[in-house]
Structures are given as C-alpha cells and as structure tokens.
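The structure that follows is given in the form of structure tokens.
Chain lettering (A, B, C and D) follows the sequence in which the chains are written, and residue indices restart at 1 in each chain.
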C-alpha cells in the first residue's frame, strides 16, 4: 500500500544537486544569541563562525577566523588577530569591529537573550585596536580563557552598530553570516547556499533543511531518496536503516544524558532516602527495553546507564560510583519506611495523606524514547505510588521548567546536553545571579555549591576532575536528579553523501569536507 | 426600519465589527494567560530587559493599550514583526502569503459543495447517491489529510514544497475539506431538502400548469435560505482549513494561527485571527448582499410600471 | 355550434392501481363559449381539467381516451401515452408545455396560495404577457390594462400575493390567466375561499373577460346557480365508485 | 407517503439503532482503565484473533483500552454540548413565538456576531489558554456549543416562524389550550423536536470530530493534549496508529477500529435524527 501510494507520486522525486535533510524541528532562531535548541546550534554552525572551537581531530582549540592570540592585561583579556580577506555573505569585510560588536551586544541589557545574560558574567568589554585586532576583556582570570570564546561573531553593519538586539530582528530569520553556507529560514525549512570565502570552501552548493515529521515518514522518504539525510533517527527505526545498503547510520556524539528531576520542595520528596527509594524502584533495564527497544543482553547498546551527571566517556565521570540497572523493591521499601512513609492498601502515604506523583516529560523526548513517561509511571505505580502523567511542550519547558517555575510537578523527565565546556553548574547550583539558572526544582545544597565553585576556580585539569568526581559521588547519593542514561544519537545519510564527518555537538564543524554525488 | 431590511442590515453591521471583535476577544484571552504577556515571551529568569520588550510590543500598559495600538497599526497594514514563529519577519508578509492560500483552499472546497448543491437543486444528482456521499463524509478530515500528507512527503521528498507539490497539496486539501466531516453530503441533503419542500409548494405546481419552469419559480424564493446554508458550510470549511493546513503543511492562515498559538507569538495569532475574521466577514457581507439583491429583485417593477 | 373547436376529449379514463379516478368522460370546448365541468368533490373535476392540459401524474394513469386540439391540428395527444404509465405521461407533460400558458391557461382555485409568493403581481403578469405570440411594445401599459380589466388598480402591481385579499388574488389569477391571450381559459373552482357575493362577482368578471378576449372558458365548479346562469354547455361527472 | 401508523413502524428501527448506538458510545467509557496496561511486546500489532476483540498496538496493549479511554474522553462533553445547543435552540424557537420584535432583533444581532466567529480560531485560543489542570474536552465542547448555538437558534425560530409565530399561539389559545401546553406540547414537542434534536446530535458529532482533530494536532506537534490527560489515549491515537498502514506498518486493524468508532458516532446521529423526525 505504501509502495502504491509513494509510487503514485514517486515519479517526481528529485535527486538534483540539492542536498536535503530532516532536522528535529525548524530552528527557533538563526541568531545564536536566541538559540534555544540543538537544532539552532547546528544551523548556526553552518551559517556563522565561532571564534574558537575544538577540532574534532586533535581536540585542540582551533579557529577559522583568527590568526593568533595572546593573553593581555595580566590574563584578564585576550588580544585576537583576525585573518585577512574574510567576507560576510553580503560581501562586506569581516573584522575586529564585528567581534567587539558581538561582545558589546551580549553586554547590552537591551539584548533580551538568555545566552547574552550568561555571557555578561564572562565578558567585561571589547576594544577594536586595529581593523583586524580586537582586545576582549573578561570579568576575571579564567583557566584557559579561549574556552570562553566559543561564541559566534555577528555582523556589526547589519545592526548598524545598535548593540541592543531584540528577538524580532529580521536577522534572526534571514541572517548574514560568515560561515560556509548562507542560510535563510522559511515557514517549512531553511535554504542554504554555498558562499566562497577566504576561510571556507564548501563542496556542496545547495542544501535544504526540512522540518521532521513522523519518524517513519522520514525513514521512508530517505529510502525513497526524497531526502539524503536524517539528523536524528530514533532507536526504534535504526535497524531498518542499518539494513539498507543505500543508507549509512552515523554516530553523532552529543554529550547528553537523560534524567528524572525530583522536586525536593515537596515534603514527601525532601528526604533524600525517598529520592534514593525512587531510584531503586526504577528498573532501567526494563525501561530501556520497553521504551527504546534495547535487549538486556545487547552488545554495545545505544543507551548506556549513568550514575551521575556525566557521560561515561567523560573524564569527569566517576567510575567508582555504580549504576543500578535493575530495581530493588525491598531496599526501596525499607528506605521509604525509614523516611516515615507508610503503605496503606499498597499505596504510599505521607503523614496520612496518599501520595500521587505528578510526572512530566519534555514532549519531544518521547520521539527518541517512545512511551518512556508511561513506563516510568508503571514502575512507580508498581512500587506503590499513584501518579499523573503530563507531556510538556518545548515552549513550556524553556519558559517554565528551566526557569524553576514548575513546582507543581514532582518528577520531570528531561535530557541535558553539554555545550563547549562540561559545566553542570546551571543544573545543580542553588539559584543566585548567573548560577544555577537551569536548576529545575531550585535544588539547594551547600556541599554541592562548594564543589561546583571548586571546579570553577580550578586552575588545572586534575583539580577540575577531582571536584567533579566528588560532585558525581555526592549527587549519586543526594539524587536531586535520578540519572538514567546516555542515549546515543545517530544520523542516517544516503551513501551518495561522502566524507561526511559529523562533529560532536555542533555537527557541521567540518562541513567544508562534505561531498554529495547523486 | 421595515422588518425585511433588518436582517441584512444587522449582517452588514456584524460584518463591519467582526474583524476587530475576534482580535479583541483574543487580546482578552492573552491577558487571561497566567503570568504577564511579556514574561511569557521572555521570562525574567532567563533574560533581562523584559520591560523593554513589553514596551516595544505595547504589552506594558494593559490589554486596551495593546489592542488599540494593534488596531491602529492593522488599519495601516502594519501588523508588527513576528517574534517567535518567523523572528523579525513582518507579520503582514506572512498574511500576504497565507490569506490567498487559505482563500484558494476554501474556494476549491466550496466549489465541490456548490457543484453538489447545484446537482441537488436541479435533480441532476440522484438521491440514490446520498448514502455514498454520507459514507465518505464519515471519514474525519484529519485522517484524509494525514494519509495525503504522508504520500506527498514520501512521493515528492525534497520537492515536497515545489509549486507542483503545493498545487497537489491544495487540491488534496480541498478534497479532504470538501468530502470529509459530512461537508458535501450535508450540503447535498440540505439543499435537496430545501428545494424539494419548495417544489411541493402549491404555487410551483400551478406554475407548471401555467407552462412556467419549476426552478425559475422556486429558486428566487429559496435563494436567501440557500445563501444562509452555503455561508454556514463555508464557515465550516474555514474552520476545517486550520486542521487540513496544519496536517498537510499548507502555508495558509490556519497553519499560521496554529504555529503562532503554539509559539505564543501574539502578533501572529492576532493577525491570523484577523485574517479569518475578515474572510468570515466577507461571507456575511456576501449573504447580506444576496438578501438585499433578492429583496430588490422581488420589488423591482416589471418593465418599469409607473404606478 | 359554428365556433372554433378548441378541445375534443373522448372517453377519458384514468386510474391508480387501487381505484378508478375518472372513466369514459367526453368533453368539448369552443371559442367564445363557456363549458362547465360539474360534479361532487372527488369526482375528478380538477384531474379532468389537468388531463385536458396534458398533465397526468398518477400511476398507471391514462388507460383510455383520446385528446385533440382541433384548432391546432388533428393529432391525438394521448396516442403515445395510453396505458404507457408514468414515463410516457411525463413526456406528454414536456411536449404539451408550450401549449400551456399560450393555447390554454389555468386559473387556479384558492389563488392566494397558488400565486408565487416571491413575485409581485406586476412581475407575474409580465411573465404571462411575454408568452403572447406578439408581445406588446409597452409592457407596463398592457399590465395596467389587464389590471383595470379585472378591476385592480395599477398600484396593485407592486403587491405580493400575501399583501392582497382573497378576492384580489382571485382577480389577479384571472388577469394572469388571460394575459397571454390564450384560446381557452381553464378556471378551477374560482369560488373557493370567497364569500357568495365575491364569488358571483369573480365568475361574472371571468365570463366577461373571456368573452371580450373571444376565448373559450372551461369552468370547473360545483356552484349550481352560477353554472345554470352562465354555462353554454355542462358536463356532469358522476361520483366515483371504487373498482374491485 | 406513509400514513401515521406506517410512520410509527418506520420509527422503531432508527429508535432502536439510536438507543444501541448511544449505549455503545456512552457506557464503555465508564469501564475505561485509567492507564493503558503493561506492554507485552510478544503481542505487538497482534490482530483481533490474538488479542480480542480489536487487536493490539505496537506494544501489544489491547486496542480495546484505546477505544474505551477515547469514549470516556468524548462521551460526556459531547453530550453536554449537545444538550446546551438543544436548550438554546428551543429557547430560540420559543422566543420567535413569544418574544416581541425587539427581543428577536437583539437575539439576531448576538447570534449574527457569535455565529460569524471563526470557530476553530476561538477554540484553539481557548484550548491554549486553559491551565493544565483545567484542560479537558468539556470547556472546549461548551465553547463549541455556544459558537454553534446561533445556527441552531436561527433554524428553530425559522420553524416557529413557518408555524406563524405568535399567530400560531393565539390560534391555539382560541382552541382553549393553556399557554404552557401550547409552548411545551404543541410548539416544542410537536414542532421543534425534530430540528432541535437534529441540532443536538450534529453538535454531538461535531464535538467528537473536534476532539479527534485537536488530539491529533497535539500528537503531530508534540504538544500535551488539549482535550484529555496525557496518560489517556483518544480515538485520534487509534487513527494515528492506523493510518501508518500506508507506510507499511501492520496497523490496519487500528485504522478499521478508529474509522468504525467514527462511523458509530455518525450512524447513531443519523438514527437519532430519524427516530425523532416529525410524523
């Protein structure tokens, strides 16, 4: 039937020189200052240049736009010399003025951007010393300051020097960048066009980003050569892709891990023994099997359990802390009893009141892990807790959950992806100023705070590592979040797309090397 | 005013206020949302300058100020910029694209209904067909649209938004709109019922004996009722357009409204609802004109009789 | 009886599957003469009148009889219909349509409900006048004349049937009937719904008008006195006995 | 043309159909489980044979649970909406007979504006304004009812007008009937009943379709459902699962069940309309 339907229309399938791929969604904004999702980050990588990035090969801090750098003002500033001949997509020259404009735009209170907000704690200002020389000042001395220079440079001339950049600026949809591709967003997708430049020479001329639909439709369209790639193939559909020799599954390393945030402000969840009990009630093996479809005995599964806020491949992951793949009801019940909860008619009560857990999940996660919410619900219910289940839209997640305004929930299932630096401060630090600004339930623990600042003030990698190992251990017993797993992300590309190295997190960092031979 | 002019007059009045009633209603609802509108767009916990934004978008001085400044903008064709859906794109630009698309979609769907109505009125369409139409009408528009969308995507792939594909999209959408949710069958049975009951009127029988045509006698008298029915149907199509456009990814008003509402892009939501209200008002206007026209037609003096 | 022979109906027999409606009726109409068709209610007066105009709509309907319009030709209009059932009768209805409203016209009973409620008297007259063989130059004048003939004011042409009295409607119906200058006017119980005085008025008016226009009149009525007074020929329909 | 007795005879079949349909739509909801049962991958996409009566979903959970949960979501709100519309259109009919011209004018003005509102636009905005715990089909159904009331009122008052409006009442008064009897029995029971009930069932059907549409839109755009708890599956989920048959998924039985349920609603509606039609 599918064949019939597709066949009826397949006659017009185009395999022209345009490379088309499915993204998880349309970008929220093509302006990095208003980035909200991984989709945004990936698109910005194509259209703009970050000052510095980690080379996927050497993992060295590299730059496409700077020639050299030096510490200045006793380490509180960095002097950058930019490459000659770099042009913006509209032909204007790329220079120090743009770097400084970007810094000033981030510092301008009129730029109502969460990202700028965070950067204000990092940057003190910027000075154009020569056309191609900019002096970037920091608020304090940072261990390896260039790590902080991962922001994309914006074109000063487009904003006419006005450093207050509002969310409804036309640039945010039709940007002028300096990256390998010129991009413009429409209602259904983003059209990219190759632009020659001193520092980029992409091989692919035209590219189209299309909004993901039903994953199954995506896979079928890919098989039908309607599109050439899918950025994220949900695990249930991977076997079918892997089976086809026209398609290739490619790992996309997002250092991201899944969690269940626990609301410690609820009296019955305040006691960490209750949180530990919940952790014991959850059977990760069963969850993984029923939701993602991973057999317990599967070799190198797409989904590896974690016991703390880092992925196992990270140097910060504390291997001494063990994961609990299966549930242990007896241990859990013992803990709950110790915490003063009573079981009446098989349901847990706190101070005579029956407990009904309100569990929420960021809705799109159910594409990757279908039914995860109801499976967690089932397990907790089997453990004696009533529950209500809620799906939370991306929009609400960003504006309510991440701002710590979702106290009506008991448990929230989410996913955390590291950016440039593996910084978990926003998740666990008590909210104050720029600290803990993604701390979902406003979890507040002095010991945790101090370990986090230990990491921030670390001068050497070993110091940083020790701080995070200790943090990992502490959080594993504190459990403000139940740590589930790292679910690896896989892209699918048709074999006509060659030498397509996918870089961690930013995906398109080495796009210039990509080839497309239909 | 004599009773026979009252109805059309009221319709005309309604048609004039409607385009502003709907956005007004929605403005009210926006303020009914928990949290003040500006912080919905940009929560202070996330970003500074929420006040600046509120001022920029006239959200700072309460609903009336917002609404009035919106209306004065709208009257000059300035609907502001989208701040979520298509950041920084003038909403007017989005409207320009969407209104014709939706109008086309609905008109195509309507064409189907008009054909059905004509068939029923003139007895070309045998009543035997009604059960078939009704059976088809049982399928919800969503299901038809879903399947069409899947087929289009798989079939056209990267070309799925090419002009050809979009044309097909429009056609399939109109078909779903016209056939599903009992739109066509309802129209056919409705019109047939109306015309048959009129045909049974004694004056029509007598007209036959006078050698006059049935339709020429019955039609003018049923026209207002028919116009009413068709307007109701068209409104139904307009509503259905939202679902069909979203599912079939047609860049129409409904899709714009849906996207805007989900992203809480108030500018877009207001503009889209305004667009819908304008289309709906146009229908009211049309109906009023038909009624006035019929009334004048009835009252016109034959060959200019001077009384 | 030297006048022009308009209708020659012989042996008309119509029945439904259940019963005989009319049987073996002979009827003739002549120019300038009034033929009355009388009989008790349900005896098939209206049915006969309609049959004269070629309107048969019962099943199986016409089982026997012949119909000629000698003033036109010597064709037997019933020939293709006799015993042929509904379809043939519908064909006859179509074939005879051109005659209705020109060769003969119909003035219905209870005119108030028989006139198009959505058209002013003026328009209905205009429609009828346009069916004349030579439509007049001055339509409005023709309308005025007709109105005054039946004793209505020119201003009445702007009224809808619902805005006129029963008597006015009956006069209007008559005006509409004679407007196309037909050879024969068929008046179906013009007295229905009118008080005796009005009845006499209307019927006398009808006779006068027909005489003026030199057309025949087939008057269907059960008003003995009137008929006695004005009819040249009378056809009596018997009460119908139910067939086995 | 059937005489009165024949009419009564014809009424028996639709009436029993209507009763059966309503029972099938309203009763199972009360037996709906709060949550779907545990997955059983062995039965994934099992047909009605393996998992009676309707088969199973991609996780081997019986589709029966979808059907009953969906019925639970739809039944009461649609019923309430239908009753509201019926009440309002009855009032409209009564006003046409009893109310003075001014009352009728006011009613007309209100219904003109209400009736011209693009329904789904209002519905969408209402749906998104509702606080999470206030979410459900009922408020949406009520909004729909009030938006579709004008049409119903129009039709009812047209029927009353055809009867002759206030003259109809006077005439019956002359026959010595009491006002309540005239209004309740002659007007409502004898004359308005068919149109009012038809309006009601139409609303019932429309609300059902609306729920399916809204639920589906929520599914495709990764939204929390506007019309029911997220742990509940509506008929839209059946259709969503079912339509994948065109993508080569073995979910034909889900599509059949979904469409069957929709058909059941429609058939019931038709049956009710016929059961109450005027003699």
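Everything below uses one rule, namely that a residue touches a chain if its C-beta (ideal position, glycine included) is under 8 Å from a C-beta of that chain, and two chains touch if they have at least 3 such contacts.
Bear in mind the structure is a predicted one, so any value in this text is a computation, not a measurement.
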item: Contact-richer chain pair (by C-beta pairs counted) among A-B and A-D; value: A-B
item: Nearest-to-centre chain - CA centroid comparison; value: B
item: Averaged-CA centre spacing for the pair subunit C and subunit A, given as whole angstrom; value: 90
item: CA centroid of subunit A to CA centroid of subunit B, Å; value: 41
item: Centre-of-Cα separation between subunit D and subunit A, whole angstrom; value: 44
item: Centroid spacing, where centroids are CA-atom means, of subunit C and subunit D in whole angstrom; value: 52
item: Residues of subunit D touching at least two other chains; value: 220, 223, 246-247
item: Multi-partner residues of subunit A (at least 2 other chains); value: 2, 5, 213-214, 217, 220, 393
item: Touching two or more other chains - residues of subunit C; value: none
item: Contact graph of the chains (line, ring, star, complete, other); value: other
item: Interchain pairs in contact, sorted by label; value: A-B, A-D, B-C, B-D
item: Partner subunit A, residues of subunit D touching it in the complex; value: 35-36, 38-39, 41, 59, 132, 220, 222-225, 229-231, 244-249
item: Footprint of subunit B on subunit A - complex, ascending; value: 2, 5-14, 16, 18, 20, 28-31, 34, 109-114, 116-117, 164, 166-174, 185, 187-189, 208, 210, 213-214, 217, 220-221, 224-227, 393, 395, 398-400, 402-405, 437
item: Complex contacts: residues of subunit C adjacent to subunit B; value: 50, 53, 55, 93, 97-102, 105-106, 108, 110, 113-120, 122-123, 125-128, 131, 139-140, 143-144, 154-155, 157-158, 160, 176
item: Partner subunit D, residues of subunit B touching it in the complex; value: 3, 6-7, 10-11, 13-15, 17-18, 21-22, 25-26, 29, 32-34, 134, 137-143, 146-147, 150-151, 154, 181-182, 228, 232, 235, 238-240, 242-243, 246-247, 254, 257-258, 261-262, 264, 269, 272-273, 276-277, 279-281, 283-284
item: In the complex with subunit C, residue positions of subunit B that touch it; value: 202-203, 206-212, 217, 220-221, 298-307
